[in-house]
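First chain written, first letter: the chains are A, B, C and D, and each begins at residue 1.
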Amino acid sequence: MGNNDVLVVGSGISGIISALELANAGVNVYLLEKEAVVGGHSASFCCKATNVCSKCSACVVPDKIREAVINPRIRLLTNSTIKKLSGELGNFRVEITQQPRYIDVEKCIACGLCTEVCPADPKAVYPPTVEATPFCYILNEVLCLRFKGEKCDICRENCPTRAIEFELKPKEQELSVGAIIVATGFDVFDARKKGSLGYGRYANVLTGLDLEQIFTREGYLRLPVSGEEPHNIAFIQCVGSRDEDHDYCSQVCCKYAMKLAGLIKYQSPDTKVTIFYIDLQTAGKGFAQFYEEYKESIWFVRGVPVEILQTASGELEVRFENISQGKVCRDTFDLVVLSVGISPGKNSWGLARILGINLADDGFFDTKDSLSSNETNVDGIFLAGTCQGPKDIPDSVAHGIAAASKTIQALGGVASQRRGNQRGH
Amino acid sequence: MNGCIVAFCCEHSAYPAADLAGKLRLHYPENLRVIRVPCAGQVDVIHILKAFENGAAAVLVLGCEDGACHHISGNTRAKERVKYCNMLLKEVGVDGRPVAMFNLSPNAPHKFVRAVNEITKIKKESGR
Amino acid sequence: METKIGIFLCNCGEAIRNIDFAATKEEVAQIPGVTCVNLSSNLCLKEGKEKMISCIKKENIDRVVVAACSPDFKEHFFRQVLESAGLNGHLFSMANIREQCSWAHEGDVTVKAVEVIKMAVNRARLLQPVKKKKFPVNREVLVFGGGFAAINAALQLSRVGLRTTLLEREAILGSETVELGSLCGFDISSMMSEVEGDENIEILTSAEVTAAAGKIGGFTVRIRKGGEEISHKYGAVVLATGYQTKLALEPELKSDINIVSQEKLCRMLEDPNLEIRPRTIGFMFDFSDENSRLSTLATLNNALAAKQKWDSEIYVFCKSVKVDGPGAEKLYREARDCGVVFLKCEARPRITADNGRVKIEAKDVFLGEDTILACDLLVAEELLLPSEGTEALSSLLNIRRDSRGFYQDENVHLYPVASEKKGIFFVGGCRGDLDLSRVLTDVSSVVVSVYELLSSGNILTEVEKVKADPQKCVACLTCIRVCPHDAIQLVRVDGGKEVAEVFDLACDACGVCAAICPAKAIKFRAYRDEEILAQIEAIGES
Amino acid sequence: MIIAERKPMEEIRQMIAPYKKLLLAGCATCVAVCWAGGEKEVGILASQLRLDQSKGRKKISVLEATVERQCEKEMVEELRDKVQEVDAVLSLACGSGVQTMAEMFEDKPVFPAVNTTFIGMPEREGLWVEMCGACGDCFLDRTGGICPVVRCAKGLLNGPCGGTRKGGKCEIDPEKDCAWVLIYRRLEKQDRLDLMRQYYTPRNFRAVKRPGRIQAVKA
């Protein structure tokens, strides 16, 4: 009888959902994450509700992370990557490397004493972001005096639970699993690549992701440098989507841009918001109504500007073709938000080589055939979420569940016999 | 009269939001007392009235965003009940709408603090 | 018997600094019923857990209060600790003195901490155990529909070992799927023969449902087929009834033969005997309905096919090209490269019949001028509507629909493929405009959800968490009307009086019924009035 | 079922003004179902009275009790001990219950806290509509089971009055349906429209001489 455990690679929303779904069906899961915390991109997204929920689904993520972390069938392996794979469906052997994090997740109680006593400047040991799971402090090798050869031992001595350990080497281990779900997610398009849009040069040109994080942290929008409330904001769509290098629609940008714009309008109704777009992707449940509601108060301009310049007074000048007036216009804004798209993960190529699965032309993992988006060319290796192609959160969730379903079907439903119980409260 | 604010917090939204506010060290008035409930729709009129009988200065009912209730309409029911409670209280001379309902999501700690501050303001204005 | 309450204080490795734990310990020890108070700095670690278990056993504690971090974080963990100490996990209450006390305020918060603990103790005193029970469930699944989604769902359900009944209103399966197949490159006939050959799948065509009752694990459905009515039990129900399209046209144009649907165009493209090939074809979409993902895909595919087969001139009129699906942008580019002309207009073009041709007058936003085009064939805009019978079926099963009439309310991120009623699921076009790969994702999602519910033949769940007292219930039906999960029904007790009964498997423990019951007959364990009021009473005591 | 609604607070306040200790007596039958006088409503009113901060209001103490049916002497008997303790009783039952209570405890003042309004049915959760006026001379056989005596604003036996609004609404209250339109439609369905042509003489609505008294035939 083959092995029925499953390895899920990547702990973003899709990976977590796959793992949870498998665990609920009685399968033991290894959840592999290369970072120190789970959750991926979606964990940092902000709530975009106005007086009603805007269905951005960002709030689902922390809920699911919590559920996954406490699930006894899911074993979490952070700071870990795959080194080698052998075997086949029902009997894979995966070699993984786990980088030391120097602070024991099981023992750290996030008391903060280590940060307090750390003599390095900046501090070499610090708390993770607030929404991080596991909520375990992070020791940065680059900053830590001890890793620079000094004899510092202060944090270790002060730790009340003895969670800090320096003498650790990367840990190698081999897992035996029956199937693998790849859920490595995406990379956010690096807006610096579009130099003419000024991201990275002008302080008031932000990406949609920056905006998400500002809202998560502060709860309201202020200009990065002056700290003032912006009065005139432009969103530029399709930055890193639907161009020569990206032959696809990222599927999320229209939604998040419009929802963020709606949130800004709700918080400060006098703010002027302009959205420059190619085509509005308003399909999807409830979203068409959302658009109807905002199309009067937000100025939608067809056509995407290609250049942003900063004026002497620090405002941002955007040149665009005003189609209704039939001429090139320029308008100034205090804040320009680039709706950056979803790019394939940088590490996909390496992982594809290790796993022996194919990459499609666009850089995402390829599927066996065009319709069944969970299956790869290797039996027993499945795809979940945005590593297969752009998806919003609900689609990623559905795709994650579907990957779990395909995995169970592939493993022949043997898990049913071992199934204990679940579905309690 | 203890002058506390009693907050009924839905465990799907307001309660985690309050936790997050703590993690972010967003401070709010100390006289807030949280009662965790499975859904804002579980908060009965009598729970709110009893809080006042016990000397609460104000009551907050905090539930999921409109349209995101885990139990479809628990939050809208709660909103109706809050309105009803204010009416009942007004009948007996307790003016100033001391019961308030706010909707928020679990990842909106700022909104939680805003809700607490807002009810504190209402309370001050009505001089209770 | 007097309850013995044990309080476990934890300073979280001294992360809680603005509480005087010594004073707190002293004060909470005075609360009536408190047998022992322990102070620890690592309650959630192994040592803490062991200490807790031994203390519970030694002191014979029957209610546990932990004053530490948020219950959101560790409630689950401590419940397990209680279980390993031989106590029911529900005899437990947590006082959040970290996130919502210590960390939320500046300065010393000992007074608040004591009060928060008192609230938890008061609640703990009244808590009652909650037992678990296994409920047997029927392992058969009923799938409504006979199209692409339904057939795939049945096949996959059968693959995970669940017996499935396909119920189709039409006389044959997949009658509307054939064109779709040729369009999207899959073979519906092989799927159909696979379904027909599958022993685990029963196919009922020309059949309809006349009545449905029951809850998850045991839906009793009356099916009428060929003048005969049978009643059968299913553990879960999957709705895959699809959608229908309607041409969005001015009424006076409807009979014009030069205006066709996408489906008709498909058939024309397949027809080897077609006499006249249209030289100019116009397409329209995305004017009357924002939900035009499917019409976009159909247009792109058909435009390309027409270009290749007939080499027609093709003009596409639309507001936005909806390319938010896999491969759609590529198709769009391919179409433009082949010479398909896309004209984007804000307003819906005017269509008139013109001497056997169709005249389209539009204002293109890029050219900024009026465009008049006479074409041989217009593929009209299609509106996506729920399929016939959707409304009837939804009221039969008592499930909600969205504002456009499709299944599944807009609460999609909480219930992607599930309804608010446990055991009823939706897949594919009946819940919105989904492209085929999304439909397949839906199918797989539903299959695993159903599998989790039914595969073992029983479900373990907590019983009587929410319970209506038959003595107090006045059968006013209020709870039945308000229950969001349709988990309450009237039953006869002792062959006489009718009272409300909460069905444990279907109940999601929200407490809406308990709050609204005018006779105060419904008790929600752990959140009963007594427990809430006990917490309120503790407020302001100090 | 009997439908009632709570009296305005001012009225209740005046009734109970002289008393310090009160019993709030609920009834778990009709008035519980219509959310006016069951255990829940008793709790709410009691809490309200305790909270009362209006001018000149002194603190009162309030006991709460709910019986299965307040119109049954045997069931009201359960409250005897509690009634002894208080100065007055505030009953949340229908008029019949209040009177039963008053008769049982003749030495205590018993006040009604609700207005008994009509006999009706729930249209949906929380909404009740009047269906029957208890006229004592049922007419429903001729009107397709729809009572014009209460459901027609004018109580016409030979309707409609001619003022029906568009959409079959009543001319007096456009929110409500015209009973005679409903009757017409119902009879149409049953193919009994001939009944509409009949003329009915005005009736004596006091068919049962007040006070009403009905003796069931003894078995």
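Going forward, a residue touches a chain if its C-beta (ideal position, glycine included) is under 8 Å from a C-beta of that chain, and two chains touch if they have at least 3 such contacts.
Source: prediction; values computed, not measured.
Engineer: Which chain has its C-alpha centre farthest away from the C-alpha centre of chain D?
Structural biologist: It is A whose centre lies farthest from that of chain D.
Engineer: When contacts are scored as defined above, which chain pair ends up with more C-beta pairs, A-B or B-C?
Structural biologist: B-C
Engineer: Counting only Cα atoms for the centres, state how far chain A is from chain D in Å.
Structural biologist: That pair's centroid distance is 60 Å.
Engineer: What whole-number Å value describes the gap between the mean CA coordinates of chain A and chain B?
Structural biologist: 33
Engineer: Using mean CA coordinates as chain centres, what's the chain B-chain C distance in Å?
Structural biologist: Each chain's C-alpha centroid was found; their separation is 28 Å.
Engineer: For chain A versus chain C, what separation do you get between their C-alpha means, in angstrom?
Structural biologist: 23
Engineer: Mind pulling the residue numbers of chain D that touch at least two other chains?
Structural biologist: Residue numbers touching two or more other chains: 40, 43.
Engineer: Which positions in chain B are in touch with at least two other chains?
Structural biologist: Expected reply: 16, 20, 23, 44, 46, 50, 67-68.
Engineer: Two or more other chains touching the same residue: where does that happen in chain A?
Structural biologist: 55, 59, in rising order.
Engineer: Could you classify the connectivity of these chains, where an edge means two chains touch, as line, ring, star, complete or other?
Structural biologist: The chain contacts form none of line, ring, star or complete graph.
Engineer: Please list each pair of chains that are touching.
Structural biologist: A-B, A-C, B-C, B-D, C-D
Engineer: Using the touch rule from the top, collect the residues of chain C that touch chain B in their complex.
Structural biologist: 70-73, 96, 98-106, 109, 112, 115-116, 119, 400, 409-411, 413-414, 420, 482, 484-485, 508-512, 514-516, 524, 527, 529, 532-533, 535-537, 539-540
Engineer: Please output the residues of chain D touching chain C within their complex, sorted ascending.
Structural biologist: Of all residues in chain D, those touching chain C are 28-29, 32-33, 35, 38-41, 43, 122, 124-126.
Engineer: Show me the residue ranges of chain A that touch chain B in the complex, using the header's touch definition.
Structural biologist: Within the complex, chain A contacts chain B at residues 45-47, 49, 51-53, 55, 58-59, 61-63, 130-131, 216, 218-220.
Engineer: Along chain C, where are the residues that touch chain A in the complex?
Structural biologist: Where chain C meets chain A, its residues are 12-15, 41-42, 44-46, 72-73, 76-77, 132, 134, 156, 159-161, 184-186, 289-293, 319-330, 333, 344, 365-366, 368, 402-403, 408, 410, 412-414, 416-417, 431-433, 436-438, 440-445, 447-449, 451-453, 455-456, 459-462, 465, 509.
Engineer: Could you list, by residue number, the parts of chain C that touch chain D in their complex?
Structural biologist: 472, 474, 476-478, 481-482, 517-520
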